[in-house]
């Protein structure tokens, strides 16, 4: 794991390469390094980290920080296989405009990450974060015509009320 | 159902209690569905009466023939056919999730389902007459399960194996549909996943049902009329 | 004109060739109406679960594969947010239903990192024993069903014979065959019973000879060799760019295994080898998994011999239940017990991603806690979900039969994919 | 004349009777319940869009023809193989010629590459 100073060095390198406001926050928690980054520069940051050796994108997943705004977060877990170091790049996107640059395709600014294809589709399906430039952005887990993004914290968990003998009639009655 | 529910028009009505005020075989509410009529017949067989809460058995004329034809298997051909059907089920493999692994292990050596003629697991519904629904049925999968059940051979039965299929089990959330909502299920096997022996028990229970001497449920065995719930303040 | 057309011209008569000419002018380079798009659908014996492949075929050759998943999506991650930390384990175990110990291990190690609790040595060894046995079970079910797809029906019965033995061991230690909920946050729920060690060593003594039997059955079987050798290879770079890990990556020559690269739960105490393939075709994938069974037996043997004494779960009362007999005597134990059982364990806020090497690749569990007694977000990076993306580059241009063999060797578990 | 063919005739009658019985019994006893999707083509549980008039590749027919050709050859060999000693050496020579002829056909087909699928 890059230790705290390593993380600062990486953040410093990023600030020089991409511009001052790119890295909004660095966090070293339980020997794990996390970089919070501006949503607009996500492709550049990943390309920069790839150049530094983090060539394997293990996971892309969404998080919903419900009460705090910007609400929808997307985490990119990067792994440097040579000297076994992991770093997490986190991006926070407001729920009013959940837009993000997709890292899947090989765009103008360098190679993309094909592994993110299905994983970005899952984040879109579950959280509603639209990835611009994604080759095939459709729902992956829910049925195509499903409305709503189930993994958001304000989506009801659904399911059926458990029917016992004493509330059997009104439960069945209601669904007449 | 929550928004974006099952793409299958699902009608669920309370199965009218056996023979409350209607002659057996008449167009009881819930249509002349075979299930309602045979349930009525069984209730009659056990001395349930017709009118009032506990209708008694006074039948004449055509009602009596219908009652006999409904309830008791008289002809030897029926008995032979039922014997043949119940001893040579062709289950359609419907491995959905974890229960499928335990369903596979009833085919393996230790709990060998071939002893009862269940061994020929057919892949296509055209050659299968028993659907073992093993696993969780999601809302995306429900129309497909219903279509497969429709395309199966005609005398068909369905076993819903595991808690997820019978009652959404551990995951009571937006994504699952209990099998009862969109297709008739004959035997529910509890467990998550049920042991192979438990599924075997369910399969044998279905076999007895098809031979039309179903095990007496514990309620019938102790002729309890359903549990009386003491509703506080009701 | 493609070679396929030229070869047919020499056999068939002229008129058909005339039709082809008009077709080619009209429809660009390839005659499109020859292509048939079929659903290799959710209900299919060879898809190892409810995976649907939209396959575009040209005769027997697969031109394009588009996996469509979600047919067993159970909203597990949503359910996990609704349960307290302990109650999430049974829900998580039902994700990748062949590697239930690994799901529990990934989740427990993530929460243990959040709480910063130290798992006692004995618990780590017990976890390794159960995880490696679970890896053998997973590979046995894979081998049984894959050989079934290739036509070697009897392999199914041999593999499930060994599987029953291992499930007896799981039942002995935890009371349940599958989804045992044996791992607890901070260690394991109970110590192994008295007869467990003898039964386990009896099993370990005979298991290698059983795997030799599988090898004798399949390794020199001409049909299996024809079906597997040289079919649908994929090199390590493409696999890495697609995020593939596990036996698929090791079969292509890249020896990446988290048990060696980033040892967790005292894997560094055991010495075992990582089977690595050379070509990365179906035969290497099959051979790698078969060899992994030998290695897992070795690990379990060493873990059993070196099983240290000591507590089977952490002594920290904020995390683990106090032993029952203490409840009668000490008041603090009663209070801890009451707090843990009613409201559940409070976890300091933070986010952790902790990966584990499951039989199908890197299984990472991301847990975010907001300080309450319920996890705010639980996400499982499932290896099969990412490995599935490698099917279309592997299968393009192959026959349908090779696609079935490749799908079998990919070993996708749909519970893990659809979560 | 009837005596010699009696076993064959009895066999035919029995075969026909059992086959017919099963077919008839099936339609008599089996309950009939038309459901909407019963007659739809089965495509792994999904509505199938495969059109009726689908043009199959030529290779399918080719392989089928070759199979029939060489399968009939094997069928002819069975009766000879059973009674080879009774027919004497003439039948042996005859069979060898028969096989060589078909071997020529096999060589031609192999060289023209009809056996590989692509």
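Miscellaneous remarks
Per-chain numbering from 1; labels A, B, C and D assigned in written order.
Quick note on the criterion: a residue touches a chain if its C-beta (ideal position, glycine included) is under 8 Å from a C-beta of that chain, and two chains touch if they have at least 3 such contacts.
Since the structure is predicted, the reported quantities are computational estimates derived from the model, not experimental observations.
Chain centres computed from CA atoms place A at the largest separation from chain D. When chain centres are taken as C-alpha averages, the shortest distance to the whole-protein C-alpha average belongs to C. Among the pairs C-D and B-D, the greater number of C-beta contacts is found at C-D. Note on chain placement: the centre of chain A and the centre of chain D lie 58 Å apart, centres being C-alpha means. With centres taken as mean Cα positions, chain D sits 43 Å from chain C.
Taking each chain's centre as the mean of its C-alpha atoms, chain B lies 41 Å from chain D. For this pair, chain A with chain C, the centres built from the Cα atoms lie 23 Å apart. Across the assembly, chain C contributes residues 41-44, 70, 73, 75, 78-79, 82, 418 that each touch 2 or more other chains. Among the residues of chain D, those in touch with two or more other chains are 45-46.
Chain contacts: chain A has residues 142-143, 150, 155, 157 touching two or more partner chains. Residues of chain B touching chain C in their complex: 93-98, 100-102, 104-105, 107-110, 123, 135-136, 138, 140-141, 144, 148, 164, 170-171, 173-176, 192-193, 195.
Contact residues on chain B toward chain A in their complex (touch as defined above): 2-4, 7, 12-14, 139-140, 168, 171-176, 178, 227, 229, 231, 234. Interface of chain C with chain D (complex): residues 3-4, 7-8, 10-12, 16, 33-34, 36-44, 52, 58-61, 399. For chain A in complex with chain C, the touching residues are 29-30, 32, 34, 55-59, 61-64, 75, 77, 81, 84, 86, 88, 113-119, 122, 126, 139-143, 150-151, 153, 155, 157. Of all residues in chain B, only 77, 81, 124-126, 144-145, 147-148, 150-151, 153-155 touch chain D in the complex they form.
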